[in-house]
Structure formats: C-alpha cells, structure tokens
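Everything below concerns the one structure shown next.
We call the chains A, B and C, going by the order they appear; numbering starts again at 1 in every chain.
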Amino acid sequence: MTDDIRLCRTFQTAPAAVPKDDTAKYLVSALEAEGFQAPDWLVPDLEDGTAPDMKAEGLENTVEKVPKYDFPGEIWPRVEWSYEDEEYREKGREQIDRLVDEVGDEIDGVVVPKVGRLEDVERAAAAVAEAEREHGHPDGSIGLSIIVETGRARSDLREISKFGEDSRLTALIFGPVDYAAELGGRDLGDGMPRWDGLLEALSNEASAGGLLSIGGPFDDLFKERAGLTFYNADEYAEQVEHEAQLGLDGSWSLYPKQTIQANTIHMPTPDELERDVHKIERFNEAKREGTGAVTIDGQMVDEATFKNFRNTIQTVRVIHDRRPDQTEERYDGDLLGRALELELSYR
Amino acid sequence: MTDDIRLCRTFQTAPAAVPKDDTAKYLVSALEAEGFQAPDWLVPDLEDGTAPDMKAEGLENTVEKVPKYDFPGEIWPRVEWSYEDEEYREKGREQIDRLVDEVGDEIDGVVVPKVGRLEDVERAAAAVAEAEREHGHPDGSIGLSIIVETGRARSDLREISKFGEDSRLTALIFGPVDYAAELGGRDLGDGMPRWDGLLEALSNEASAGGLLSIGGPFDDLFKERAGLTFYNADEYAEQVEHEAQLGLDGSWSLYPKQTIQANTIHMPTPDELERDVHKIERFNEAKREGTGAVTIDGQMVDEATFKNFRNTIQTVRVIHDRRPDQTEERYDGDLLGRALELELSYR
Amino acid sequence: MTDDIRLCRTFQTAPAAVPKDDTAKYLVSALEAEGFQAPDWLVPDLEDGTAPDMKAEGLENTVEKVPKYDFPGEIWPRVEWSYEDEEYREKGREQIDRLVDEVGDEIDGVVVPKVGRLEDVERAAAAVAEAEREHGHPDGSIGLSIIVETGRARSDLREISKFGEDSRLTALIFGPVDYAAELGGRDLGDGMPRWDGLLEALSNEASAGGLLSIGGPFDDLFKERAGLTFYNADEYAEQVEHEAQLGLDGSWSLYPKQTIQANTIHMPTPDELERDVHKIERFNEAKREGTGAVTIDGQMVDEATFKNFRNTIQTVRVIHDRRPDQTEERYDGDLLGRALELELSYR
C-alpha cells in the first residue's frame, strides 16, 4: 500500500563538475553516501552548482558515474532552463535528450529551474516527453520536477498544480535566491524574508495536485565563534523544522551533514511515533465500544484528528519500505513493530 | 437596513447523537441555550462529531428536536460529504433530502464538509437545490455553507468566492484538523501551524464574494495546572481575537463557554463603541464645517478611515436587531442609544 | 540601460485643495520640494485627501499649478472611482478627461482607487485610453496605477498582473484603510493586521507582470511622550523597512519627513553598496579563474546569488540616472564610481 507514495525528505544537489583534479569528486562522494547521509533524491547539478565553462564536463560526469553506483534513493539531474531565454531552454533540451538517451533507465526524472507561467512548465514537460519518445522509454517513465523561483511560477502555482494532477510533474521545489532577486527582496539586517505565504501555498498546491513540496537551500553552511569555524547545525534545523511543520515533504540539502538532519527531521521522532501509535491503539479500543468523538488524554478525536495520527504511521511505513536501515536505526524494534502492524482505518 | 446582513459570530457544533442514555443530550442542551451561551448559528453535527454507528440516530434526533425549540439563532446541520468519495456524497445527499423534507422550514441551510475544487462545491449546491425542488421550498431558501479543509478547496478559493457572489453559498468555514492532515502539517513542539495565509485569504475571498468567514475549532478545551483541571479560556480567546483582527466574521465553538467568549469578542467592546461613536460624532461636526481630511485626536480621517468607524456601529446595529438581550446587557443604555441614532453617511 | 526602468521609492499624496486661504498650499509645497524631500512620484489627491465640497477646486489647482513647477519626479494625480458606484466612476472619467486635456504632457499617468475585479481595472484603463485619443496623446503615453484596497482586487491580483504585462498599467499600490474596512478587520489593541499575505502577493504579482509595487500609508504621523509631541520616525521606518525587505519598490508618504525616510530606505545603504560592489568585484576575479559556485567570505555564490548583489548596483544606477543629487549626497564618490563602472554580467 505504500508502493505509489513518493518519498523525498531530502533533495541534495551535488555539482556535476568542480574545478579540481577529479572534477566528479562531489558527485561521486554523494553517489557513495550511505545511511542517513544518503538523500532520498540525489540531484547532479548541471545548473547553478556547476561553473558555466564546466557544464559539458558535468554532463559527461553524470552519464558516466550514475550507472556505476547502486544509489539507494532516486536520481534527478537538474538541467539548465529559463522562462525568459530560449538559449537556456535549448541547452536544457539538449541536456535532457542526452540524459534520457544514456541514463534513461537510471534516472527517475529531471529537475527544471527558472520556469515561468504554466505554459513554460508545459514546454518543459514537452521536452521530457520528446526525449522519452525519441529514446524508446515508456510514456511518463521520466518525471519532471520544477524549481519555483520566479514571480510568474508563483503566480500560476494553482494552474501548475492542476496540470500536475494528471501529468509527469512530481515535485515543486522552492528556489529562494532567484526568487528574492526577481522580487527585489532585501536583507536589511534581519536576513531575507522567509516568504511564508509562498511556503504555505507550495504545501497546499502540492497537496491539491498530488505532488511533493520541497523547501529551498540554506547556504550559511558554517558559522564562526571565538576563533572557531563550525557547521551551522542549529539554523539549518530550524529552517527544516519550519518546513516540516507547514507540511512540506522535504528539504533541500547542500551538504552531507544537512542530509543527515533533513532525513531525520522529516521522519517522525520516536516520541511522535510512540504518541501516535498509542493514540491509535486507544482509539481502536474505543472504536470497538462504538463512540464517535472520543476524548483521549483530554483531546477530542474524530476522523480528522485520527488522520493526523495516521499520517505519522504512514510516513514511517513508507520510509521503512525504502530505507529499512534508517527506521531500524531510529526506532526501538518493538515500537516499529507496533507501527507496522497497527490497524489504520477509521471506520 | 440591517435586514439582509448575515450574522454569525459563533458557529457552534453539537453532536447530533452521543452514546448516552439520552442520545440527544448535547443537541437539546444547545437548543435550550440562552443569552450569550446561545450561538448565532447552531450546527447539529452529523459528521465528525457523531460516531459512525450513530449517524442514523443523529438524523432522527435532529428532525425530532429542532422543531420543538424556539432557538434564537440560525440552524445549520452539518452533513457528510467528501470530494474524494462518492459513498460519502451519497450519504450527504440522503441526509440533505431528509432534513429539507422534514425540517426545511426550521433550518437556514446545511453545512457541507470536505469539499474539493469548485466543481465539487457546485455539486453540493446542486444537491441542496434538488432537495429544495423535491420538497417544494422556494429557490434559494435553503443555504449552503462549506468547510474549507482540503488543498483543493483552498486552491480554488477565488473561484468558489466568485460562485458565491450569485448563489446559495453563504459561509466559508475553516477546518484546520482535516486541512493539516491533507497537507501533512506536523506539531514539532510549537503546535500545528496557524495557517495565516489561508486565514487572510478566507477573510478576503469571503469579502469579495459577499460571504461570511468563520475560523476553525479549538479543541484544547481544558488545561491542567498544579493538580487542577480548568477551562482553557485564555488560549481560545487569543485564537478568536486573532480571527476578529483579520476580519473573520465569526469563530467555531465546541462548548457553551467558548460560545460566550466568541459572541463577546466578535462584538465591539464598550470602549471601541464609545471611541467610534465619538469619532463619528466629531466627524459629523467637522463635516458641517466643510473639511475633507480632518484630524481627530491626532489621526487623519478620510472616507476610508470613516468606514472603519462605521463598521463598528453597523455591527452593533445588526447584533441589536437579532439579539437585543445581548446588546442591552453589554452596553450602557445611553451609549447604545447614541450608536443607534448616529448619522452614518460620509458625504 | 536604466532608461526603461521605472523608479518609485516614494508615492507622496498631497491634498489638491485644503480649506485654507491658499487652497493649493500643500500641493504647491510638494511641487517645490527638493533633495530627499522630493518624492519620486507626487500624487495630487482629488480623492480621499480632498474634502467632498472642494473636489472642483482641487482639480483647478492641479491643472493650474502642475505646469508651473519643474518637479524632479513624476506626477500622478489620484482621481475618484469605485467598483461599486457608477456615480464615482463618472466623476473619475471627467477628472481624467480634464487632466489629460489640460496637463496631459505634464503628468505621467493617473492613479485610480477602489478598483474591483479585473473587469473594473480594464474599465479604468479604457477611460484613460479614451481621454488619450480624445486629446491627441500617443497611445499608452498616459499611465494607469491602481490602489489595491478591495477584496475583489486582491482576489483578482493574478489576473490584473497578467493584464499589466501588456498594458498601460504601471503600479499596484496597497490601500490598507479601505481594505480593512471591506474585510472588517479590527484593532483589538495591537493595531490593525499588517496583511502579510497581501504584501507578499503584491510584491510577487508586480514582479510577474513587470509592475511596481508600493506599500500603504502610515497615518500615525506624530506621537506624544512626557508632554512632547514629536514626529513618529521609528514606526514609519519600521513599516518601510518591512516593505523593502519583501521587495516592494516603494512606500506611500503623507508628509515630507516620511518622504525623506522612504527615499532613503528604498536606496541601498552605503554598507550594502560597499558589500555588494565588493562581492561582485571578487566574483569577477574568481570568474576569470573559471569557478562556478565560488565561496566568498563563507557564502556560496552562484548565478542566483549574484543576481541579488546585482540588484543593489542596478538600483543605485537607476537612482543616479534620475536623482544624481541624492546618490552624490548619500555615497562616497569613490564607492559610487566603482558601482557605476562595475561589470555586471554573470557569464
């Protein structure tokens, strides 16, 4: 029952080529990641993460390295694109064509940035469909995810979501840096805006269209205090927790430590799991006694409340289906067993 | 002039049947409420407030009890429905048909939960229209209000509001628990999100479509401190005040004490009324002297500012029209008299 | 390259007629403003700022005074209008006709308040087009800006933005006082809502449609403490900074001191300019070395990050183009010179 549920707690971009002796160093390192350091989605980045003069080499690295590793999650290369520049779209089409041709069986889809209004998203979908046909892959087998980072894409989010109900569109990912640049947002000492309205809309429209919603990157990777530079774990965790609270399905990671954190936060805590397993167990008992709105520990539980508890259990089941190493590491065996066996129907 | 203005400061749901010796206990208790404990809208709840195996009895209780009481507000039963399940919609249609048939003269409309996109709202409206025709009630005499609690309904809120401009649609009510479950929102220690974007949109679209907007239920009815369990008056009041600030017309109540609080908060305070009566009295004086943007107590007053003062007076007049017991209890007789006699035209 | 970029850091309304011996006193005083006291847009106000019985005199003042001054910014009279009242629209059409006839070469456009849904905005645009044709001005030479202050306009903001992509529509200005009155917002002690969702949408839709976005007026001009009444500089600055952070292009001013503040805040600080000039200078160096995502001072810089730095420089260039007195007063000559000469292309 969890087979058709998409999982993307972590959307980790890795530059497809870097100016080092081994230009595929970061890509390979991400492909080799294990346990909580392995993201649900690995995104070989041919766009902003790779320098303009290394794009070609990034594409070679991607088609060469991806097939060599048995990566535990999904693979979604990010190509170039721009709603306002046909030259970028043409590059994007060539990159999509090459990827589908050479690693069409290994990738789950492509990520297209800087899309504009609905018509531009449809144009990106058509580019994927064309490559699919050209290289003999089944219709719909190569997914499309988009970065929402322009005023036009935000403006058309409802229409894009409706398009997503019945198309290859899979995930809506927020791109705050391009977005702030488009709108002219400014950091006047308290940082850039968090764009709460957009995040809430992203979560809603993804839900309405049956899509995944993913937050934007956090690039203050390190902070310095008293002479020491250290990984900025607190601020990243706060961003990811805010996204999880709003119902975003996952967060963007730029770095293995961020992946550990986002994988962890977008997974119920042992306390949450214990609490909601307990609630449903007590609910199931009360149900046998025929009560509708029952009070458990002072809180009224009706079908709607019940669904929130059930979400917790279902998320654990989906993660267990894909990454049993993570659920077995995180939860007590007895608790996990109860979560896997629980009866989840309200009626 | 206040005749056609709808009033719903309080939307109180009462389970239509509960597993007690007297299954109509809570429904009857709500129908008997007086003074500030009587909600503007009483909602006999056939949906989540009544257990699955007591729905039939809930419907019997509703058609039997409602006609027996001279309830001072409006009666809006909540039926079953779901945008994603025809079985629930069929139950909803049967419940609507039975209600309109037996108590069509006593109820003001029906509340339909879990609606999806515009098309589903139109489907619900058609079900009401059909029952109306079938049982010989005038076209449009039975209203429709909907619970906004799915990603799809939130996504289509503008289109639903436009439909509401010229249809039986009367109120948009927020359903946060189902909504959080749909979006996958999580409580990570600070509670569920308040969904500020949705609340603001609800207030706006209700205003644009000439509809009422109502906040969601607050179910932490009691809290415990130092061994004592007591009614959680502070937190509920804070939620209702937040809703009132944003221009929502009313709040959801689950309990008579909540009804007292929401009736009170969605009514101008004596200080607000004194302040705005005073401002308009001084404005009317200044108007006789021919000044446009006048300064009263350091604040510039133009037509727009004036409208805000007038809102206060008009709200009091509408409440006085429906529930004079409440206005007479709340305001000094002299102040109320000034409010009822004040000239309210800007020009 | 800055010629076609619109600049409106400050939208200052001035009553077109006041009940004083010299009824044009405030209008003339605004037309004579210099330096940071001169707004980018001066708005002779025939609507809420001028008393009902002085509208005719306000129109005379406007057509008489505007041509006499060489005002350094743009001139945008605000006329009367209402989506719900044909009488106001007819007055608005007459005012537009008279303004275009007599001062069509001196004004940049007209500001139309209280617009409703898209159809009403199109109706306002048609009124301007008609006056343009009637009096022989080139098509599109007289702009249209609208006050967003009704539930309907907020509801249709996406559609209005799309209309703005290819029409005379120039700016979206927020009108919070009428807006709060429409929605029934209330001040329960913490002031009126800030309408964060609307402000974020205004910034987004303006960006999507190539329009300017402007915040609403702040009318608590003065505060009193310990017997002294003084200009409320802090609270106005906080509102303007919030608007600037969200990417609004400008703020509404009611008073010369507010104009100084808004002109200043919607202009990069010397520190911001120094920082972003420095970042781009270092980026340009790194680019010569062929690196894509480079780290400068611990922050990763890709094309998107780069665009945010570039915004700062471009804003300074546009202001320098229109108001060199202000840039020369604000910035060190050496820093300004570096900003004007910097290479701004990412590739």
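One rule holds for everything that comes next: a contact is a pair of C-beta atoms (placed from the backbone, for glycine too) under 8 Å apart; a residue touches a chain by one contact, two chains touch by 3 or more.
What you are looking at is a predicted structure, and each value in this text was computed from that prediction instead of being measured.
Overlaying chain B on chain C by C-alpha atoms takes a rotation of 120 degrees, rounded in steps of 5. Homomeric contact chain A/chain C is classed as different-residue, with under half of its interface positions used by both copies. Taking each chain's centre as the average of its CA atoms, chain A and chain C sit 38 Å apart. Chain contacts: chain C has residues 196-197 touching two or more partner chains.
Taken together, the chain B residues at the contact with chain C in this complex read 158, 161-162, 196-197, 200-201, 203-209, 241, 244-247, 249, 265, 272, 289-293, 298-300, 302-305, 307-308, 310-311, 315, 346-347. Residues of chain A that touch chain C in their complex: 15, 18-19, 48-54, 117, 149-152, 154-156, 175, 177-178, 180-188, 190, 192-193, 195-198, 219-222, 224, 229, 254.
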